[in-house]
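In what comes next, chain A is part of two complexes: it sits with chain B in the first one and with chain C in the second one.
And then the complex of A and B:
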């Protein structure tokens, strides 16, 4: 235990400015999230008539009551801040990967300390694992704070939703925030070990992390598409037509008359040319077809129902972690084989 | 006597096609300090780094206490203490932190021994590495190497950037530790006067080849200076007064200094067989 604490102290001192920067950034974001979460909850409690079931009671044909204008303005200001902060929660894991990951090995090589460390440690892999352990745990702990506060903010922004069965802000709350961060840190370390210079490693790791997670996202999209079910427009409690917004959308398009799902671009490639839609989500090629009732198909999408949110959270997190483990393995190979300068 | 550092037909070529080492055979016996002397780009650092396992031989093999560092790096490193060319300390860590770090990284690191060595030099343990002078940084790097209590110490030009007083202190600590521990040290340097006072053996390296490998006393006893040109000279070179003098094997006009022996062999560019003969 004493040894672990000593190592943590030494690891912190070796990278203190990056760690402090990230900790301050996360702390500031988390505090802001909590502030706006409490603000939104407080507004709803103070003005229940203005803020209860906005779609049904407020946004009517006659518009919101005059007495609610100021409350609504303040509410949507806070709501917009919440949206921006949720976007920060999406971006933060990648930023932390760049800031904490890229300099980790790169600075050791750049500054020559790898010569000292690699001559003292009998195993470079052992050195690498220990070197990464503290920073990864530190980053993961900070991201866990962000993931929880982001979930609280989301709950305050969407009080009517059951978030454990809803894909709203998927990837901006809960476990994926932490798993993405761990994966991004490992990728950053890999880039730093390959390049061996701090600044180029930081710049390159931003690109590599972005591309790696884009690739992961595209791969997941294909996986999700293979499991998605067809969903048509449905009537909402407010009376308008909408999709089931708890679900995770995989692809948008239309369901043809014979029950096939095609995207809009596929429809155009087939010469169907959907141009005009009716209020029920039915698509027609022209005004004449609309009048004549020559329906091309209905608005539809492929989606994964909200009940599968916990499963997809685990799957996405496992994939991000696996990407990180792959990067860690490659880093170990690089560190074992490369020169220390 | 066991050879602690060995190379067999060691050659190293870098990617740009330059041969840093061109077929070196060396066997350094246990105990004492061996000076590795040569000009810049002679291959001194490359040779040391192949023993540490930082450079992979293009041809041939190296051994540390009988262990090939590329086949069993962990075991070879366990026999080694290494002082890099620049002290390479962590800016954000204090001297004491470096001792803690070494203890974390190296099983059996003797922190008290290293701390005592630094205390004798009045280097404050709580001072940050970046606040130390160049000489103090070199001493910390040496203390870290000594604290490993390894039987082999490799020192890659640690004196290069030190002032004369710091060099003398460094060499004093090194010789004291080596004599008391019975370790084998290899010290690369291009400052021959320091070497003469501290080292038992001498290796002169030039353009990737061993030009001379002998004990210091043996090298001094086997060579002399001729004030005239001689056909059997190892080499002729300019004396400080501008005259041409020759280094010869055997006796001549006056004894050779170690500096002149080294200069003669560097000028000759002859292979090690000349010296070994």
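And then the complex of A and C:
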């Protein structure tokens, strides 16, 4: 226990400035999130007539009632701040990965202290684990705070939704924020260990983390597409749009006449050129095709129902964590093989 | 040449990053500028409107690519100076080479002028290339050739003055803090503040007037506010305008009332034709602040104890 505390103290002293600044940034964001969550709740409680049914009050021909205009303006101002803060929760894991992860090993190599530390430590892998443990836990704890406050803010912004079964702000709240952060920190450490200099490692890790998570996201999109259900924009001809707003939209496109789903760009690539739509969401290549009934397909999307939100949260988090573990394993190999500089 | 080589060796990664970002974005802007006439010509051909409906997405004839370019310029104009400026002094202080360099230089100010000046020259050349490319793209996008306030701050002189100020701010923060990463983090916060400040400062005392329809439709004016007028042209408050609108809509419901009996809004601001007046004032202010902040950096270097 004393040994762990000593390592924690040492880690803190080596990255004091970054840890303090990141903690201040997270604290400021979390406080702002809570402030706007309470503000939105308070506004709805104070002006139930104006904010109870926004569609009925706002989307009318003559606009919102004059008595509600000031309330609605203030409400949407607070709502926009909430959206911006939720976006910070999305960006924070990657930023923390760059700021806290990249310099961890790079600084030791850059400053020449790695040579001494590796000689003194019985095992370089043991040294690596001890070296990154405190910062990783510290980063994860900060991100957990953001994940929770972001979830509270989301609940205040969308009080009518059951967030445990809704994909709204997926990746901006709950476990994925922490898991992405853990993965990003490990990727940052890997880049730092490979490059061995602080500033280049910071710049390169921003690129590597971005690309790695973009790849993860594209891979998940494919996985999700294989499990998604096809949903037409209009379930019945002439019917109204019947979107399940709780669902995760995987792709938008057309359901062709033979029941296949293709995206709009795939349709254009195949030379289908959907130009004219009818009132049922059906697409035609030209006015003549519309008159002749030569249908290309219906507007449709691939989606995953909101009930699967917990499952996809766990899956996404496990993938992000696995990416982090892979990066950690590669870092261990780099550290073991690296010649003292 | 020796200075440039030495500067590059000292800040290889940040200069490489700056060159990659600025020249990459400039190349993208050049490609977009050259592609624009062809795309517009295609839109004028038979069957054009359907394709151009997509091309004009986001209000730009080039759609997503232009939008992404402008986003990239918005980030690069602060990120590039920050990455170039923050390490100038922090690296010397962190690695303790300042302790040797300062006594050897004879004058710390002369050393700073060389050390920071060479980075500033490299940075401003790169940003200048980007600014010219962005100006060219903005000119190609403005179909009537009258740019006015369009993309103000993200092209030409306004981009260079903002970037120059950010570069000097980054150098100063580095001089005060003395460590690379904390300087970068504080620099990010300052960049956000600077971006907000320069967005809120225009029109720098240039008088706002009620914009005519011609001024609103051409030459991208800078709007400072709006007001309401009754159908007879009399100025009215927003509440009055809403009350009149509600009454008229109720009277005509379920039909829509004619525009001639509804209140209308007018915009106040500076016409696009007066852009250079605003640009000159802004440039003078930003250059002045840049010199002032540079003075702070010099004072810090002069007084800082060798570590």
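Assume the second predicted complex is superposed on the first by the 306 of 341 C-alpha atoms of A that agree within 3 Å, B and C clash if a C-alpha of one lies under 4 Å from a C-alpha of the other, contacts with A are read in each partner's own complex, and residues count from 1 in each chain.
In this section, contacts are C-beta pairs under 8 Å (C-beta built on N, C-alpha and C of every residue); 3 or more make two chains touch, one makes a residue touch a chain.
Quantities reported herein were computed from a predicted structural model and do not represent experimental measurements.
Applying the stated clash criterion after superposition on chain A shows that chain B and chain C can sit side by side.
In the superposed model, A:7 makes contact with chain B only, not with chain C. After overlaying the two complexes on the shared chain, residue contacts for A:232 are found with neither chain B nor chain C. Once chain A of one complex is fitted onto chain A of the other, the partner contacts of A:339 are limited to chain B, with no touch recorded for chain C.
When both complexes are overlaid on chain A, the residue A:202 reaches chain C alone and has no touch with chain B.
Contacts of A:127 after superposition: chain B is touched, whereas chain C is not reached. Within the superposed three-chain model, A:118 lies in touch with chain B and out of touch with chain C [touch as defined at top].
When both complexes are overlaid on chain A, the residue A:308 reaches neither chain B nor chain C. Smallest inter-chain Cα distance, chain B versus chain C, after superposition on the shared chain: 8 Å. Taken together, the two complexes place no residue of chain A in contact with both chain B and chain C. The touching residues of chain C, counted against chain A in their complex, run 12-14, 17, 50, 83, 87, 91, 177, 179-182, 184-186, 238-239, 242-243, 245-246, 249-250, 253, 256. Residue ranges on chain B touching chain A, taken from their complex, read 49, 52, 54-55, 73-75, 77-78, 80-82, 84, 86, 88-93, 97, 100-102, 104-107, 109, 141, 144, 148. Interface residues of chain A, counted against chain C in their complex, comprise 17-18, 21-22, 25, 61-63, 65-66, 69, 99, 103, 197-200, 202-203, 273, 275.
Those residues of chain A whose C-beta lies close enough to touch chain B in the complex are 3, 6-7, 9-10, 13-16, 111-113, 115-124, 127, 130, 339-340.
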